[in-house]
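Look for chain A in each of the two complexes below; its partner is chain B in the first and chain C in the second.
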Partner chain A sequence: MIEKRNRWGWRFLILATAMITVFSFYPMVSALLTSFKTGSSANMKAADPIIYNYARLFKDKMFRTTLVNTFLYLVIQVPVMLVLAILLAQLLNNRHLKFRGLFRTCIFLPCAISLVSYALIFRSLFATQGLVNSVLMGLGFIKENINWLGQTGTARGVVIFALIWRWTGYNMVFYLAGLQNLDYSMYEAAMMDGANGWDTFWHITVPQLRPVIVMTFIMSINGTLQLFDESVNLTNGGPAGTTMTMSHYIYNNAFGTGVANFGYASAMSFIVFILVGILAIINLKVGDTRD
Partner chain B sequence: MKKILALVLALAMCAALLAGCGSGSGSGSDSGTTPDSSGDSSGGGSTLSVYAWDANFNIPALQAAEKAFQKVNPDFKLEIVQQSGSSDVEQAVTLAASSGDLSTLPDIVLFQDHYIQKYVSDYPNAWQSLEGADINWDDFGAEKLSYSTIDGVHYGAPVDNGTAIFAYRTDILEQCGYSIDDVTRISWDRWLEIARDVKEKTGMALLSMDHSGDDLPYMMMQAEGLSQWSDGKPDFVENEALKKIIEVIVQGAKDGTIILANSWSEYTDQTIQGDQVAGVMNGNWIIPTIEQVTANSGKWALTTLPTLDGGKDGYAANGGSSLYITGNCKNVDLAREFLAYTFGGGEGAIETYDAALRDGGVITTCISAGKSGVYQEGVDFFGGQAIYADIVAMGASVPVVEQSDYHYVARTYIGNAITNIQNGSELVSELQTAQDQVSFEMGL
Partner chain C sequence: MTEKKNKSTIQRRLIPSYIFLILFSLFSILPLFWMFTAATNTTLEVAQGKLWFGTHAAENFKNLLASTSLWQSMANSFFYAAVQTVFSLLICSMAGFGFELYHTRGKDVLFGILLMAMMIPGVATMIPLFTMMSRLHLLNSVLGFALPAISTPFMIMMFRQNSRNFPVEIMNAARIDGLSEPGIFFRIYMPVMKSTYAAAAVITFMNAWNAYLWPRVVLNKSNAQTMPILIANLANGYTIDYGMLMMGVLFCSLPTIIIFFILQKQFAEGITGAVK
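Then we have the complex of A and B:
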């Protein structure tokens, strides 16, 4: 009986395994091989020396710029977003709060919007003649239109702001789900003992949510390192490439500017892959409480 | 109650999704099979398939050509498969040629001029030349042909004309005491003076450009008859003309007389259609964008580009595309005959180009076709100026300058250099950075 059940289990697994092999693992291996080749995609030759594409990376100033940009987004946006998400989750977990469902929906709603459309909407909001400038002008905060997307500092700021707006609600949902699993009586007991909101947050929510926090961290780091849509649609990498992400640069090398440099683009993708791997391992080690 | 409601909602959603996907996949398979089926039929039949991307511009031109060719070949059919943009055609060629299976391609593709050289050298099997077609190549602007001729072999049949124009608002110029003649054959220094005057008196800038794909340096260089390339290498740092041109752009941006927009839509919708500028300089395909603002009808006039020293007309070209026969075309003779008869200046050329101009605003680079009556008509929007005849004449004078497969890479990094110089960086060091990066991407 058990054997029969096992056999069925394997049959179901085979289908999924075959699909993931064909659609994920095979392209990965293929990309790894491509990263050791040069030339046009119709006629690729082994690179000479074999690590040519990887050696190139260290001489590429533009790649360095995109690496810096991406890590800048990572260092600023991920912590701000996750702290906001967990604070919002704590607030919205309060059973005495009215219209809880409405607030939760509102904060989650940005996630229902397609990446491209929200990036385009942000672009028109922050255009030189856009809504944001009109409002600020009308309220008398500024005298002259700000060229938000034309200056490095403000353009990066807009990208980070857009990312936070888009993804905070998404992460909040994970925290909320985690909080649902915590016994609410713990909070009530803490209140009885005179703990205020901050105490309960710091001493009950955060420690209990640790596994969820680690997971959201890994997902956010992963997502940020692969950031593409915002860079392409919101700023198009400008001004002077100072908001361009690694993925955007990879895309440009493969398809973007007609260069069709697939070998080099694959090599860069593997660097991103390795970076994501390293950061995820560090994160797991730090988050691991078992000694 | 809740359960029933949930069930009803879920069912409604599934139904909607199915309906949506059903029709979606239906149309998807339609467009998917079109090139295949035509690929089969073109083996001996009289049908050709073609990819093009603009329903208001190049597709009417193709329809006109089909109609013209049907006069001598009544069974002929052209299946026009519309793509959402020129990059889709590039992707289709990359995909087919990389996989080695050309059968997914149509017989003919419309392809951007600046990309074709790279694509022919990368994927030689994906193309078939136009050699042997009955086309008088002397009847075309030399600059246009310089893109589609690779190692002396003609590959492309020219369609539209990328000749650059400088359009000015004559009412604004008059308000400031200038005429269209005062801005023709002038130097860029004089242009900057006039622009400052216009800015002071009317608050309007005299030029704008999408700085995320800044074509100004390229066009201004070509108007000088010079290139940013030298013997296949980027030539930025030692290039005195390029330095002066960048200084002009940076100065104009500083004065507020040149608006460098952050995106294409900001360039077209806000600076041009939002009446922020009294001048537009770009390939003549920008004219339909200008014409969107009907309130300004009759107030525009076209002229040539300024140059660094002045005293002569600046001619340049930007953009444009040609038709190419792919490696998948089985009936190459028919394709060559069709292209030669219509876009190639054959007997059907006048009919093709006249209809293309009327229905799509496509302006020819074919010198003899440009002499037809339709081209001599005055255009009310431009105060009755016969702009089409003017543009064809200008197109014949565009100097041939050295081109590169890395045109768009250079455009990106020179644009970046301009941004950094605006923010206070030093010109030479920025050009050095740009040159290094372009050389790097070329693998030099």
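Then we have the complex of A and C:
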């Protein structure tokens, strides 16, 4: 009887397991094998030497640039965004605050549109003949239009700005959910003892949210290492590749016009996979509260 | 009296919070508001920084219809997202049900292995998947689009976590009444888990609707393209008609914005659902 039931348990999960195996694990192994081959998609053969693609990417200046870009986004955007998100969650968790639902909806709203949509909106807003320039001009901050997306520094700034716009509310929702599980009386007791908002933030909110913070960190790192839609649609990687992400460069190598460099693209994608893994493990170790 | 005074002091102390929240809310809404207004203006008005609604909406819409296959892409997006959602919910909920309610040590180990798939980047699997789909003649088809995204560790985990509170006694009672194991799943588990299905449906539909990298790889014919690909192509020319572009972006965004407003609670549950 139990035996029979157990067998049904396996039957229920076998299809999902098979699909993950076929559409995730198998392609990952296949990508690893492909990374040791050269030639165009139709007639690939073993690379000579076997690590040719990996040796090549260490010398590839463009790959290095995309690696630097991606880490720049990671180091600046992720902390700013997560701090903002926790701060907003803390403010919205105050029971005396009015219009909490309205604020929450507004801040969460950017998540309602696709990455391509918001990338195109920001591209238009920051166009040389765009709203941002005309507003700044109207206010007298600038004398002539700034070519936001045509210069390395400002273009990177716009990408980071746009990412913060799109993802802060998303992360805030996680923190709000985490705070809901907290005993609100802890805050009131702390307030009674004379603690201010800043004290409660550091001594109650942050420690209690630690597991959620670790998780959002891992998700954000994972997402940043795989940035693609924004790089393609907001800046198209320019100027001169200085805003291009790793995924964008890999895509161009595999499916860009005139190239089908599957071997090299696979080698680079395997590097992304390893980076995601390493950073996730570091995060879990740092965030582990058990001693 | 003192209570009233107390309340006003509290509100006064909250003034900085209000200011910050109002500013951040404006920051969040403005680009979207601008998307709506720009869709009704000429490209010249957009470039001049006009912030309010104009009279060019019909013209922009006409131009969009003339230069793209808008209805075809809208239909594709709806169809692909709907298919992916239905199958993803069915297959992942079944797996979550199996993992949690027929719990054994072996299944736990398997679950741990499946979770590792979360770390696999889409850009790494796209080449082998493209080769696979092209061999199976599934390029430019709904199956090519949906198959790789139907079963995900995230969805399985979400159903598993939410099944924790599922009343096991009901299952035993149902067995005594002669209900088979699949009968329990379809007739008892599914209705009881309604709210989880709703949250999962919202998040899956949105993800499918908004997907870009994989659709761009697997859907290379224009009559198979989805909305995100359509609007991305609109912005590829040398001269961009911003009014028309924003009309396209509006069409791509409106369905998900409507879902967001109607089902915001389910959407929030959907993204945080697997971490309870």
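Just so it is clear, the second predicted complex is superposed on the first by the 287 of 291 C-alpha atoms of A that agree within 3 Å, B and C clash if a C-alpha of one lies under 4 Å from a C-alpha of the other, contacts with A are read in each partner's own complex, and residues count from 1 in each chain.
The definition used in the following text is that a contact is a pair of C-beta atoms (placed from the backbone, for glycine too) under 8 Å apart; a residue touches a chain by one contact, two chains touch by 3 or more.
Keep in mind the model is a prediction, meaning the values are calculated, not measured.
Using the contact criterion defined above for the overlaid structures, shared-chain residue A:Leu109 touches chain C, although it does not reach chain B. In the superposed model, A:Ile250 lies in contact with chain C only, and not with chain B. Legend: residue contacts after superposition of the two complexes on their common chain; A:Ala46 is shown touching neither chain B nor chain C. In the superposed model, A:Gln129 makes contact with both chain B and chain C. In the superposed model, A:Gly150 makes contact with chain B only, not with chain C. Put chain B and chain C next to each other and count what each touches on chain A; the higher total goes to C.
Applying the stated contact rule after C-alpha superposition, one finds that A:Lys59 touches chain B and leaves chain C untouched.
When the shared chain is aligned, chain C comes close enough to touch A:Val212, but chain B does not.
By the touch criterion defined above, A:Phe23 reaches chain C but does not reach chain B. In the three-chain superposition model, chain A touches both chain B and chain C at residues 41, 123-124, 127, 129, 255, 262. Those residues of chain A that touch chain C in the complex are listed here as 5-6, 8-13, 15-17, 19-20, 23-28, 30-31, 34, 41, 84, 88, 91-92, 94, 96-98, 102-103, 105-118, 120-125, 127, 129-131, 133-135, 138, 165, 169-170, 173-174, 177, 212, 215, 222, 225-226, 228-229, 232-233, 246-247, 250-251, 254-255, 262, 265-266, 269-270, 272-273, 276-277, 280. Residues 38, 40-43, 56, 59-62, 123-124, 127-129, 147, 149-152, 235-241, 255, 257-262 of chain A touch chain B in their complex. The part of chain B that touches chain A in the complex is made up of residues 87, 90-91, 94, 97-98, 100, 114-115, 118-119, 121-123, 125-126, 211-212, 260-263, 265-266, 270, 274, 405-406, 408-409, 412, 415-417, 419-420, 423, 433, 436-437, 440-441, 443. Residues of chain C that touch chain A in their complex: 7, 10-11, 14, 17-18, 20-22, 24-25, 27-29, 31-32, 34-35, 38, 46-49, 51, 91-92, 94-95, 97-99, 101-104, 107, 110, 114, 117-132, 147-148, 150-153, 156, 181-182, 185, 209-210, 212-213, 216-217, 227-228, 231-232, 235, 240, 242, 245-246, 249, 252-253, 256-257, 259-261, 264, 267-268, 271-272, 275.
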